[in-house]
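As written, the chain order gives the labels A, B, C and D, with residue 1 at the start of each chain.
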Amino acid sequence: MTQLTYREAVREAIRDAMRRDERVFLMGEDVGPYGGAFGVSLGLLEEFGPDRVRDTPLSESAFVGAGIGAALGGLRPIVEIMTVNFSLLALDQIMNNAATLLHMSGGQFNVPLVIRMTTGAGRQLAAQHSHSLEGWYAHIPGLRILTPATVDDARGMLWPALQCPDPVLIFEHGGLYNVTGDTDGSDVDIDTAAVRRTGRDVTVIAYGGTLATALAAADDLAAEGVDAEVIDLRTLRPLDDATILGSVGRTHRAVIVDEGWRSGGIAAEISARISEQALYDLDAPVARVCSAEVPVPYAHHLEQAALPQPDDVVAAARQAVS
Amino acid sequence: MTQLTYREAVREAIRDAMRRDERVFLMGEDVGPYGGAFGVSLGLLEEFGPDRVRDTPLSESAFVGAGIGAALGGLRPIVEIMTVNFSLLALDQIMNNAATLLHMSGGQFNVPLVIRMTTGAGRQLAAQHSHSLEGWYAHIPGLRILTPATVDDARGMLWPALQCPDPVLIFEHGGLYNVTGDTDGSDVDIDTAAVRRTGRDVTVIAYGGTLATALAAADDLAAEGVDAEVIDLRTLRPLDDATILGSVGRTHRAVIVDEGWRSGGIAAEISARISEQALYDLDAPVARVCSAEVPVPYAHHLEQAALPQPDDVVAAARQAVS
Amino acid sequence: MTTTAPAQAAPDTAYRIGLLRQMLRIRRFEERCVELYSATKIRGFMHLYIGEEAVAVGVMSALTPVDAVVSTYREHGHALARGLSMPSVMAEMYGKATGCSHGRGGSMHLFDAGTRFYGGSAIVAGGLPLAVGLALADRMTARPVVTACFFGDGAVAEGEFHECLNLAALWRLPILLCCENNLYAMGTRLDRAQAATNLSERAASYAMTARVVDGMDVLAVADAASDAVAQIRAGHGPYFLELRTYRYRAHSMYDPDRYRDKAEIEQWQQRDPIDALTTHLTDAGELDEATVARLESELADELDAAVEAADRAPVEQVDDLTRFVYRDPAGYGTTG
Amino acid sequence: MTTTAPAQAAPDTAYRIGLLRQMLRIRRFEERCVELYSATKIRGFMHLYIGEEAVAVGVMSALTPVDAVVSTYREHGHALARGLSMPSVMAEMYGKATGCSHGRGGSMHLFDAGTRFYGGSAIVAGGLPLAVGLALADRMTARPVVTACFFGDGAVAEGEFHECLNLAALWRLPILLCCENNLYAMGTRLDRAQAATNLSERAASYAMTARVVDGMDVLAVADAASDAVAQIRAGHGPYFLELRTYRYRAHSMYDPDRYRDKAEIEQWQQRDPIDALTTHLTDAGELDEATVARLESELADELDAAVEAADRAPVEQVDDLTRFVYRDPAGYGTTG
């Protein structure tokens, strides 16, 4: 077990992958001398050189598409997009090509590409740097969506993602980079959700940046005598229905904590699936605690008001068990 | 009352708006001499000239953004994007600017822009021309999303959309252009859903291209003695919760018919809202009939298998009432 | 940037007749496709290459099997010239299981791993980033491979064009950029889409070699392409060919073709690449009517067989609808 | 394309001192912002303009109140030079209710309808389409208005740059394209981002007038900008200014600035626009130390007042969180 920050864990994962497989390379804006917008790739240029730690111009569509092409050409690119908002510039390549080529080609051309990007709010970066679109991306067939919430997942998810023959998007919550945690450095599965805390009374479902919110809420709830089970989804596409439904089957209540906007977010999908498959198990409506439907404001108090807070989760859970 | 095709209805709506308000203009690829990729704007160039029926180069991001700028500059642009897939190239402008400027500017700069685009499958156009992303767009705060399903709505929604001070996206289902219907040419509201058929046993919720599917299913259900109420959502953002919940409160069962992919689609949102607000009214789980989670295939039989069919709706409704 | 093809050793007769044969083969294939479209055997959007055959045939003649090709939605000619089998292409037009994309793609999305034909993209300019990436992989692994990417004059206005030309030049990638300048993007004539209409000058502004070629002259195209490929393989980075050509037919089967004069079409037809080469070879004594007749009859046989096979071919199983969404079956997991 | 500023009548002393004053004002404002950032009064990303002041001040001096400005995330200088009030800008940096964007925007998203300042965009190149649209509206309504759009050298690589330059030229729009070439996009030096590094040549390739200007010389910038604005207002279409400048500070407060030599920074500081103009005016006998001291003291007072007001200002009500998502209240409807 080593103690690392989330940032270091991502960096070690990249380093390790590049050592294990020479087809792996990192490409994106300022991943080289700058060290990555959030310092993730610091030091990698020195070890692997500018060919494999490849700075790109500001051309999101082209370099994401080039990642697709390089994957088709036998390499294993890791493409870094600085922030989820900028990924919109590359959405044509992501949806119309990466997610679609295997199908359109009748199974001939798969795209073993990993795209990493920073997501989420909480650092007063305002409306063009703070979106949480990972749940929205999970709408797209052909993609896998990973949302590491822990240092161990940040360290362990990359290699399996690179082994996946299909395009994988990894969303790293910007608020997590400085968080410290343990990891033994081994690979983890990228298929299942994890129960991060067991409980009997209510299932709180979270992922990425909202896991800490859910766990904090669970502590508060415990003080009130409500025993919450906390699920970390880990993967938003495909969703691990079995773990979700298994837990809800025991607790009969569910609260979903999602930093994305409420309408049409991943929380809606989870709610719909629970209702479809376990309606008669439910003792209360499935509750959603999501971000307010507003572009994220700069001012600290407004930003915090826009985001799911432990108190909101506590209130929803309390309501569910009442 | 006049009989028009859906295509003619859209064209008349544009013509009428351009006559009523000289600030209104149409801009997009081949809206001029070509007459629009689907023939919608045929003849408008002759009446209004190349300034107001403005052909653009193939530059989706720039001309959608130019629409935003022209709206800020006091005009009332109607921007046409040929097909929903190509709108991905303009998503940065749509989400990061159009939907966000009013908020970021603290209420100073609203964007009275209308963007029209063709959506949907059914014409064997395969995986890069057949998406149904209107429900996905409905995730974005700051936008209004309209999905005219009838000739009357195609004719009547544009003017109110142009009066709206905020950006409005209108999705025209490609399969509807040749459909004929009546319209008296007057404006319609763009806020409420419409009950297109009343019924007691089950609420079938549809919009745009799936309204016809829902109505066909309702006929088949009637033959089986199941009395379906059919709701046409008309507007996907904001959703008209009152009409939906009112109907489900009477029928106690709901089936949602959505041409978008199932996971994380608008059907999930509707299902989640019904469960949240009317769980104890439900006699059966809310059912979703959506497109298969696959890029739309070319072959006719595969494409049809991917899309929601009346039989699927009938089966879901039958299950709900059983 | 040079604008005239340099003199080269005359290719031999068999080679020239081979080029003629390829062009005729594409022409006849598409003429039949029009009939099959009317007969509703082929559906969806279909974009014809008639008039532009010299471009595909000339460029492909310069490539070898290790090279890669990225194409557009107007790609029947590219596919056939690249060596996709006619039955597999025709079956794809029908949406049959034996189609080169197993019926998923149709006319706009022909794919073939065997010939490294990476589609068949219907997003204008959307193939360029893929081609850049393929070339990057070759560059990074020091493989002596060329990626040829086709796109139209209309694509030049797209942001992806700009980003990709810069990347290709910046990274000195082994990529052959084939701009099929047929003067129109649907109904929009080049000078209504571009403030500066000289497309090879635009390409040269990214610091790469760019050259205008008569796209109605297959020998000129073949010469220019083999020069370019040699340069690229020698490590000189990207090469841009502006191939001046013309489509005789409407943009697609949906297009009423209201935006241009019939006279303009007829003028270009005077310079038809197939007629021109036929005349040229006949005048040079390298071709006679009997040979033409033999070619036509061989091609008719090939075409008949392809159509017949497509007619008879099975369709894909509906159960396989979602088979190619993920290669990794675990990815299937979303409750369908 | 010309690369030297044409000779022009010397502006009078008051005008020159006004330019100096504006530059100083921006410099002092940002120096204070650094302190306030350390004191955690200002948060988020903050991008300093220190070293580049001549660009904003020179360009804005050529505009009139009817003109429009579209800016970037590095826009304190643009905003102040355009005439936004310092208290409203400072309060925005604090996220206060009295801020020019009512606390929604922060440093990167300053907006002001009164001065037609359309932000404050943090998507690189994302402001260009807006500016094209604003100019289009002016063109279509025949208003004699100029839209000035600022963007960096990094933005030139983006597809939106390409699309917009073409549109501006094709439609002959009244737009002043101000490329702030400070040699770096974050840590990426221009020659590692562009295959062809002459940005004004690139602009000229879209068939528009383009000119390189010394962005460290406010008089040269002001001259070039007023020439350009006159051309644009006379209906000659877009005009591109490549303003060669340099940022002394790190890209943002997050940037450890590892990618360039201190010596390079020092070299540019030798040509500091404020020092240069001060020396120039002093040598010409137009400025003395007392005047400089008076300017500094006036600016310090203005700044103190702005800081004090920001400190005291109220924050927005949390109840107003979603107030500006839609102007049409019916649009609020989504169940929150």
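The rule we apply is simple: contacts are C-beta pairs under 8 Å (C-beta built on N, C-alpha and C of every residue); 3 or more make two chains touch, one makes a residue touch a chain.
Chain identities (UniProt): A, B = Alpha-ketoacid dehydrogenase subunit beta; C, D = Pyruvate dehydrogenase E1 component subunit alpha.
This is a predicted model, so every value here is computed, not measured.
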Least hop count linking chain B to chain D through chains in contact: 1
Winner on C-beta contact pairs when A-C is weighed against B-C: A-C
Chain separated most widely from chain D, comparing mean CA positions: C
Centre-of-Cα separation between chain C and chain A, whole angstrom: 40
Centroid distance [mean C-alpha coordinates] between chain D and chain C, Å: 46
Chain A-chain B separation of Cα centroids, rounded to whole Å: 30
Separation of mean Cα positions, chain C and chain B [Å, integer]: 36
Multi-chain contact sites of chain D, meaning residues that touch two or more partners: 101, 103-105, 109, 121, 123, 126, 157-160, 163, 166, 170, 192-194, 322, 325, 334-335
Touching two or more other chains - residue numbers and ranges from chain A: 57, 59, 61-62, 85-86, 89, 92, 96, 103-104, 126-128, 141-142, 237, 239, 263, 293-295, 297
Topology of the chain contact graph, where touching chains are joined (line, ring, star, complete, other): complete
In the complex with chain D, residue positions of chain A that touch it: 29-30, 32-35, 37-38, 55, 57-62, 85-86, 89, 123-129, 262-263, 292-295, 297-302, 305-306
Interface residues, chain A side, partner chain C - complex: 25, 51-52, 56-57, 59, 61-75, 77, 92-93, 96-97, 101-110, 141-142, 144, 164-166, 191, 237-241, 273
Chain B to chain A touching residues, read off their complex: 61, 85-86, 88-89, 91-92, 95-96, 99-100, 103-104, 126-128, 131, 135-136, 138-142, 237, 239, 260-261, 263-269, 271-272, 275-277, 279, 282, 284-288, 293-295, 297
Residues on chain D engaged by chain B in the complex (per definition of touch): 68, 99-105, 109, 111-113, 118-121, 123, 126, 128-138, 140-141, 159-160, 163-164, 166-167, 170, 322-328, 330-335
Residues of chain D that touch chain C when the two form their complex: 157-163, 165-166, 169-170, 192-196, 201-202, 205-208
